[in-house]
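Given below, in the form of structure tokens, are the structures.
Both complexes below contain subunit A, partnered by subunit B and then by subunit C.
Now for the complex of A and B:
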């Protein structure tokens, strides 16, 4: 009995430490006061509404959304063939290939961002938005390859061979047999990539310019000058967005099977 | 059946080219820049980096915080994981879900909450003041303590999850067998649980340690401009002083540490696969 109470107390304390701050953010963002405070002074939605009025948040949100969607799509487009090749062919340098595509996990994002700025953007006049897109694609590539590979290994190769023997082209067999079977893995990779890219800060730090900024970087910049609850409100909104995405993914996809 | 080398090459080529041009080449050039002051190979930049007191302080602080966060996460992680594996399967799943959830939330949002809690007029100072324990508000924000708390909250889930899966793979009756044979709880932990879950501990520890070393958001928000860690130092050196030499040295330190951690993980994975 005592061990039961102890166990509940330990788990309760850990959960308060991990999730409690989130509730405080939500409460602070509903404050009617001028400055960030908990407990909130009065109750109002003024700061939640203000988030939508701040012009720079709107443009950086659009930028982050675009990077997360198209960066992840691009990573899947070049990453899925790698997963397929690694699963189906005896590649001479299989391990090396795997290491190269997962290198962005090992190299810290801030280093990648700086390297791109210094050796692609500055000397070649590379477009900053394009550099950001490339950086986010590189960042998501390891997750795309890993998650899609996981669903490829569960797929037997003989159904595909059967399709080819029955006269289907190789590409046709991939599109009609393999793709429908790894659909769940690809969707899971997309969600994981989207969330990773959207929340990522260090890789985009150096790749910012006038009017070109991702949302988390914009929030950090806003924090340096202002002490009102609008960032709390935005944080709460973003957290609800992430929770919503993960909840739906788990509900309809069994997301945690893939990750 | 599928053995064509040209086909397989065509499949992996786009990703390889992309990684080489966008990623590997620029990073290698950046690293080599720190090793070639004035066009010839030398360690001048490294020597001057480590002989500057501020840089050395930041380097040691980063290692210290990384170690402290890892050890604390291991202690709390074991306590939490042991409680979780004793729950019913359904409760276990829900608990793991709740612990994973914060990992999906923006780290900026998660770190920002600590400003509300630890600030001058934050909850902690309000409580201490109301209890009459302090006369003036304590300065917790913009200190190593604040960074430590922020990092621990950010990375604790990774440790708990690694330990839960290690404990789940442990033979269930090992603990009760040791208890029956007269071992007390401390002995059970040191002689049974720890050796049998060593791998999970190393996996979780590596994830937490490298995560802490390469953290940017936490020291940027909770450390301010004075209490720097390696990544915030790198950012400051480049934006304030255009000092790419130091940036290259820091990049090398970060990559070497994160690469060795990754190598260790891979070793463990192959050792387990062979068994």
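Now for the complex of A and C:
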């Protein structure tokens, strides 16, 4: 009996630790006061509405969206053929390729950001937006390869041979038979990659410049000068967006099967 | 069975990597024949089948189909069908779309396509299942879909990889009958690969026994079953007591022994089925090491100067206990005469 109470208490504590901050942020964003505080002073939507009026949030949101969408698409464009090759062929350097592709999750983001800044942007005057795009693509690539590979291993290779014997070319067999069957995995990888890229801080921190900022970096910068509840309001909005995406993905794809 | 050679393999050598899986294979198959490639795993039967399908390029040699050299023709242009052991149905497509897959690629107009798919499904008794997904079907039904999917393409040759091995005993008999019916009705040339001599004997017009990338023997089921020509084939079809012949005598690790009657000239080996061993009288003496009841017969394992002998006798005849001394003979008229040994 005591152990039952104890385990419930521990579970409760963990849940509070995980979900509690979310409620604090939501509550703080609905404050009517002038500063970021909990418990909120009064209740109003003014800070939520203000978020949409702040120009720099609008442009950094657009930048983050663009990076998340196109970076993830690029990662999938590279990652899907890589997954296919790793699953189907005994490549001489298969393990090495797998390691290289996974490296961006293992190497700390700070290192990646600094390296890109020091060796790409500074010496060659590399376009920052392009550097950000490349960095985000590389960061999402491991997820793309992992998740797509997982959905590929359940697919027997003889269905491609069957398609070929029914008249398909090798590429046709991939497009008509392999792709439709790993669609769920690709969409799951897209969502995971999108969220990863959107939340990325350390790499983006090094690759920011005048007018070029991702949303999380912009929020940090905003907090340094202005301590009002609009950052809380924006955080809450982003959290709801993530919850919405994952909910829809789970509903229509069975997202949790892939992750 | 037709004499005209429809599918010819000429000095075909196939390899994965450096080790050849099939070496200098010659085989001629007639139009409308139902041929079994029979052998243990690793004998090259599946490799041979894959090369006929075009999934494996030969190292050397030629494949000719209906008078045309198809050695260099890619798999998707060969008009050869293959029913995979795992069926290889497309999981994302319905039964109808699985069967329609090849016809759609051929841009067959819709009314004709629908008619052909429906006829195909009807011929395997699956009309009712057209809208199901493969995962919703039993193994036997999946295999019939795979068969229909290949058949609607009207291939010149239909290959089947271990068509009965994934089915349970009852379905196996059903599918065997089905395959024979489909083959007789369509007159299609069929080649199937199996490691099960029972399947090959029951289904095929002609059996090609393979071992180590070579053909051991080609013959009708009766020829293979009654007159194996090599020690391997003999053992494979149940002549379990196999002896090489040296100077008209049976060679065993214990020395040379003469059977009761003279051995014909030019015979390299002799083999007896357990039922061919005569128990009760004879010039050899054995001791019963084990015995088991097998319905109409009783099986014995005998220790003898020739080594272990497997014998089988009418259950109604005298039976012997373990440890009993039993005289026996190996009548040459019951033996398979092997022209090759090893």
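Operating definition for what follows: the second predicted complex is superposed on the first by the 255 of 259 C-alpha atoms of A that agree within 3 Å, B and C clash if a C-alpha of one lies under 4 Å from a C-alpha of the other, contacts with A are read in each partner's own complex, and residues count from 1 in each chain.
Here is the rule we go by: contacts are C-beta pairs under 8 Å (C-beta built on N, C-alpha and C of every residue); 3 or more make two chains touch, one makes a residue touch a chain.
The model shown is predicted, which means the values in this text are computed figures rather than measured ones.
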Considering only the touch criterion stated at the top, classify A:103 as touching first (subunit B), second (subunit C), both, or neither.
first
Looking at the overlay, does A:43 come into contact with subunit B only (first), subunit C only (second), both, or neither?
neither
A:116 contacts which: subunit B (first), subunit C (second), both, neither?
first
Once the structures are superposed on A, label A:138 by its partner contacts, choosing first (subunit B), second (subunit C), both or neither.
first
When the two structures are overlaid on chain A, which partner does A:246 contact: first (subunit B), second (subunit C), both, or neither?
first
I'd like to know which partner A:161 touches here: subunit B for first, subunit C for second, both or neither.
both
Which of the two partners, first being subunit B and second being subunit C, lies in contact with A:181: first, second, both, or neither?
second
When the two structures are overlaid on chain A, which partner does A:169 contact: first (subunit B), second (subunit C), both, or neither?
second
Subunit A residues touched by each partner, larger count belonging to subunit B or subunit C
B
Which residues of subunit A are in contact with subunit B in one complex and with subunit C in the other?
161, 164
Under the stated contact criterion, what part of subunit C meets subunit A in this complex?
53-55, 75-78, 80-82, 84, 86, 88-92, 101-102, 105-106, 146, 149-150, 153
Subunit B-touching residues of subunit A, taken from the complex the two chains share:
7-8, 10-11, 14-15, 17-19, 21-22, 24-25, 28, 36-38, 78-79, 81-82, 84-86, 88-91, 97, 100-101, 103-112, 114-116, 118-120, 134-135, 137-138, 141, 145, 157, 161, 164, 170, 195, 198-199, 201-202, 205-206, 216, 219-220, 223, 231-232, 234-236, 238-239, 242-243, 245-246, 250, 256
In their shared complex, at which residues does subunit A touch subunit C?
155-156, 158-159, 161-169, 172, 177, 180-181
Help me check something: in the complex, which residues belonging to subunit B touch subunit A?
1-4, 7-8, 11-12, 14-16, 18-20, 22-27, 29-30, 76, 79-80, 83-84, 86, 95, 97-102, 104-110, 112-117, 119, 121-123, 153, 156-157, 160, 214, 216-217, 220-221, 231, 234-235, 238, 244, 247, 251, 254-255, 258-259, 262
